[in-house]
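What follows is a set of structures to go through.
Common to both upcoming complexes is chain A, partnered first by chain B, then by chain C.
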Partner chain A sequence: MFDINLIISLLEITIAGAIINASVYFIPVGGAPAAMATSTGVGTGTTQLAAGAGFTGLLAAAIMASKVGLTPEGIALILLSGAIGSMIMLGVTMLIGQLIYVFGVGVVPAADKCEIDPITKDPQKPYITPGTTGHGIPTVCFISGLIGATLGGIGGGLAYVALISLGFSPAVAGTIAIGFFFINAVLASYNIGGTIEGFHDPKFKKMPNGVIASTIASFVCGIIIILMAL
Partner chain B sequence: MNELIITLGALALSGALATIAGCAEDLESDVGSQSNPNSQVQLAPQMGNIHRYYNKAISGEPVSYGLYVAVAGGVAYSLMNFGVNPILSLIIGSGVAAFVHGAYAVSAYLGRIVGQSKNFGQPVYLDIIMSHLGPIVGHGFIAVFCMVLMAYLANTILGNPFPLPLIALIFGITVGSIGSSTGDVHYGAEREYQKYPFGGGVPVANHGDIDIKAEIGLRNSLDSSYFCSRLGGVLTGMCFGLIVFLDGWRGLIGNIIGKDTYTSSIIAIVVGLLIIAILTIVNRKIEVFAREKYGPYQ
Partner chain C sequence: MSHGGGGHAAELFPEEQIFGVGIGLALIGCYLSHFLEPYGLSMLIGGLLVSAACVAGANTVRKVASYGLGTGVPSIGMLSLGMGTISAIAGVLIPKSFGLTSYTPYIAPILTLIISAIVGFIVGRLTVNPVGMKIPIMVRSMTFISIAGAMALLGFSAAYAGSLMPNIFVNNALNSGIMAVAFIVAGIAILHPFNACLGPDESHKRTLTLAVACGLLSWFIFSVIKLDLISIVISIVLWAIVYLKYVKMSFKDACCVLHTPEIPKKEE
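Take a look at the complex of A and B:
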């Protein structure tokens, strides 16, 4: 009854959950304060933005899966396609958000959690409006966001591949993948507790705990999903 | 070749629909004061600012738009299975979603404002409900119809394996997260705080001290949509349009250049990487422009 394919699918689902959880820590979200240019990052919630990017990646992965099938090369293409779809969504969103910060609000993109941008070496503190904790999406946050989107797309794609190989139809696999994505993104969101600027933020150090929690949750989810598939 | 042209046409139409949907979604969230900037409208009476803004944060925008578009997609899908004309089904589905939207909008306003009436003296303005409900539901209908039509095109022409309601749900969640990430910043950081000088973020000490006076008389949320339609709404539309178009276009380029499925997929991925590199460079250029043009605060 239990063959090796089921074990592989269970492992894929567990790893996918851990990757999705890790992805959320990279995405620069300032929550409600960022919508008032009071904190650095994109002005929405962690789960919401990760889900938006992850689902765009999921759509890209699903289209690719219907074209290439589940060979090893096919799976690699599905995961890459999910990552690219996710990165395009988040990249365009961060860029347009940046345009509104710069031309609509008139602020300079500046990170609060680092003195100088580790990528461009630009000083950050003098450009922050007094009384706020930064605003906009400086380069370090943009790059961090793209890494997060890549992981989110790969995680979503991997979960979808596992579900398809368990024999679910694309419709059921897509629905379960959405629910599964939300579980792991919300776990990360609770662990972050509000806002995070990206990999340079001290809150990023919380990631290992979140990933462990997600690995356990995804393993339990995986068992339930496999029981559904039997 | 004919199939390719039809696919290109469907993709172009999807991009155009996404642009309209994004713009309408953002303006709806400005008239209805949904999403993150609504925290300020909610906070205002506690800071002594009695206002005439509409106040409805039904939930986060992605979840609420996921609901409306999925309702529209679900109804349309059922009607199509009964043999009703697809376009008519999509219109009826969007109409049902508009009623759901309207019901949530009214109950959210009454619930939120009444909750603040007793302790903070914020009145319930019935004329605000009557005057704002039309634009809220109207903008919502435009956004939902465009997205459910996009979902239909994705399902029938662009090769998406998911059923219509699921694609509709995903588009709804995506447009909500885009709208709350981009256009709402213009409403929250600029329109609500126009009495403060242009060119700075809103310090935490000023939170809740929103502008309650309009150009003439007292400000209501219809004025906000007028203001935000000049930048925030347009850019939100462009954002969603670009995402839908660029993501589809890279696949199409792959199909045109590639000889078989694998090479076309690899080309699509490489084109995607190029697009991302360009986005990163443009973002950096804007950052440098802002640093040089505006300078430091101290």
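Take a look at the complex of A and C:
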């Protein structure tokens, strides 16, 4: 009953939850104001964006898991596949959103939370319409979003690997992983409290609180999952 | 947030009353969906009773979201079903781990209730302490919505699978992907009523009516998936009655109702 593999799986689930939570802070979420192009980021809520990216990552990881075994190389490939799937999903979302913002709405992508873009060194402040908090998805937010998607995919993939190695069938593992993903993504979004632009946003400093909360929540979920698999 | 703000939403019935009745009915529904399957009534009676859990969840979402969550109402509905998924699967699979497989139908609904309450309470505490939500009823509401989500998910899956025995439940409800449908259907039934009705003129009666309509619509979706003809007819008729009532209520509460052709023409 007291097996080292169970402890490893419990650790994997806990770490996966913490990674999923951390990933949400990188994703540029604009919420309702961004849907009207009056705020930086993609125009939807944290939960929806993180979940969209996470599920794609989960599916990509699951497909890879059905091709390779659970050897160390196999696990690395599964995590990588999850990360790539998630990155493609969020990258496409941000790119198409950007096309609509620029050519449809007619705004200049500009970040509100920094004077100059830390990556391209372009000035941002002059391009922000007075009364708004930035527009579109500037380079720094795009890069930040891709980093977030990578982490989300790795987290989702790790949770899936842990569940598969506990002996669940892919369908059961996938369903549990979806629920698990939502708990951690929503905990992060409550900590952010609405909108975030990426790693240059002052709200990014709130991350430790969210990660602690997620670690505890994932540990509790992990114990319940282990009890199911005994 | 513009809606509610203070959380002093006027109530037609106390929240505990609706929650107690809803979860009680859903719990009975879970048992009946297992024990009435030989008579072919599992979706008809089980599904109807389980849709009460959606109403209970939607009512709690109304109460907690009127304080203003800061992330939109859908987040709490998704969180509810996230906690519910783990609890519902755990309720069915944990008895098997302890060698109580043959007693699972008796244990599973109660165990799901207990596990979801524990998970909801812990996640609720976490949203208050390290995360820093400023809503006073957060812990209680999280516990409630976690229970509502778990009961809705377990109930609809059991009504479809027709059994709470682990091997049949996993085969019929999980491996076929029905639980993923239950996840999003029950989630929307829980989050949508308040999300649609919120605003300064929100009334409890209207939100509750929509919640009942959403619960019945979820039952209809599962009846269609199971191809249970009697349930399909009864659920769609009941849904149409409640939904028409809701539309009439919205028209009555509105300042004025202008259909598209009646928009005044611009003066030349």
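The definition used in the following text is that the second predicted complex is superposed on the first by the 230 of 230 C-alpha atoms of A that agree within 3 Å, B and C clash if a C-alpha of one lies under 4 Å from a C-alpha of the other, contacts with A are read in each partner's own complex, and residues count from 1 in each chain.
Keep in mind that, in the parts below, contacts are C-beta pairs under 8 Å (C-beta built on N, C-alpha and C of every residue); 3 or more make two chains touch, one makes a residue touch a chain.
Keep in mind that what you see is a predicted model, and the values were worked out from it rather than measured.
In the superposition on chain A, A:T175 contacts both chain B and chain C. In the superposition on chain A, A:G104 makes contact with chain B only, not with chain C.
Which of chain B and chain C touches more residues of chain A: that partner is B. Look at A:L146: by the touch rule set out above, it reaches chain B but stays clear of chain C.
Within the superposed three-chain model, A:Q48 lies in touch with chain B and with chain C [touch as defined at top]. Judged by the touch definition given at the top, the superposed model places A:I4 against neither chain B nor chain C.
Once chain A of one complex is fitted onto chain A of the other, the partner contacts of A:G31 extend to both chain B and chain C. In the superposition on chain A, chain A positions 31-32, 45, 48, 51, 171, 174-175, 178 are in contact with chain B in one complex as well as with chain C in the other. Those residues of chain A whose C-beta lies close enough to touch chain C in the complex are 31-32, 45-48, 51, 169, 171-172, 174-176, 178-183, 186-187, 189-194, 209-210, 212-213, 216-217, 220-221, 224-225, 227-230.
Residue ranges on chain C touching chain A, taken from their complex, read 69-72, 74-76, 78-79, 81-87, 89-90, 93-94, 97-98, 115, 118-119, 122-123, 126-127, 129-133, 170, 174-177, 179-180, 183.
Only residues 31-38, 42-45, 48-49, 51-53, 55-56, 58-60, 62-68, 73, 77, 80-81, 84-85, 87-89, 91-109, 120, 122, 126-132, 134-139, 142-143, 146, 170-171, 174-175, 178 of chain A touch chain B when the two sit together in their complex. Within the complex, the chain B residues that touch chain A are 35-37, 39-40, 60-63, 154, 158-163, 166-167, 169-170, 173-174, 176-178, 180-190, 192-193, 198-207, 231-232, 235-236, 238-239, 242-243, 246-247, 250-251, 261-262, 265-266, 268-269, 272-273, 275-276, 279-280, 282-284, 286-287, 289-291, 294-298.
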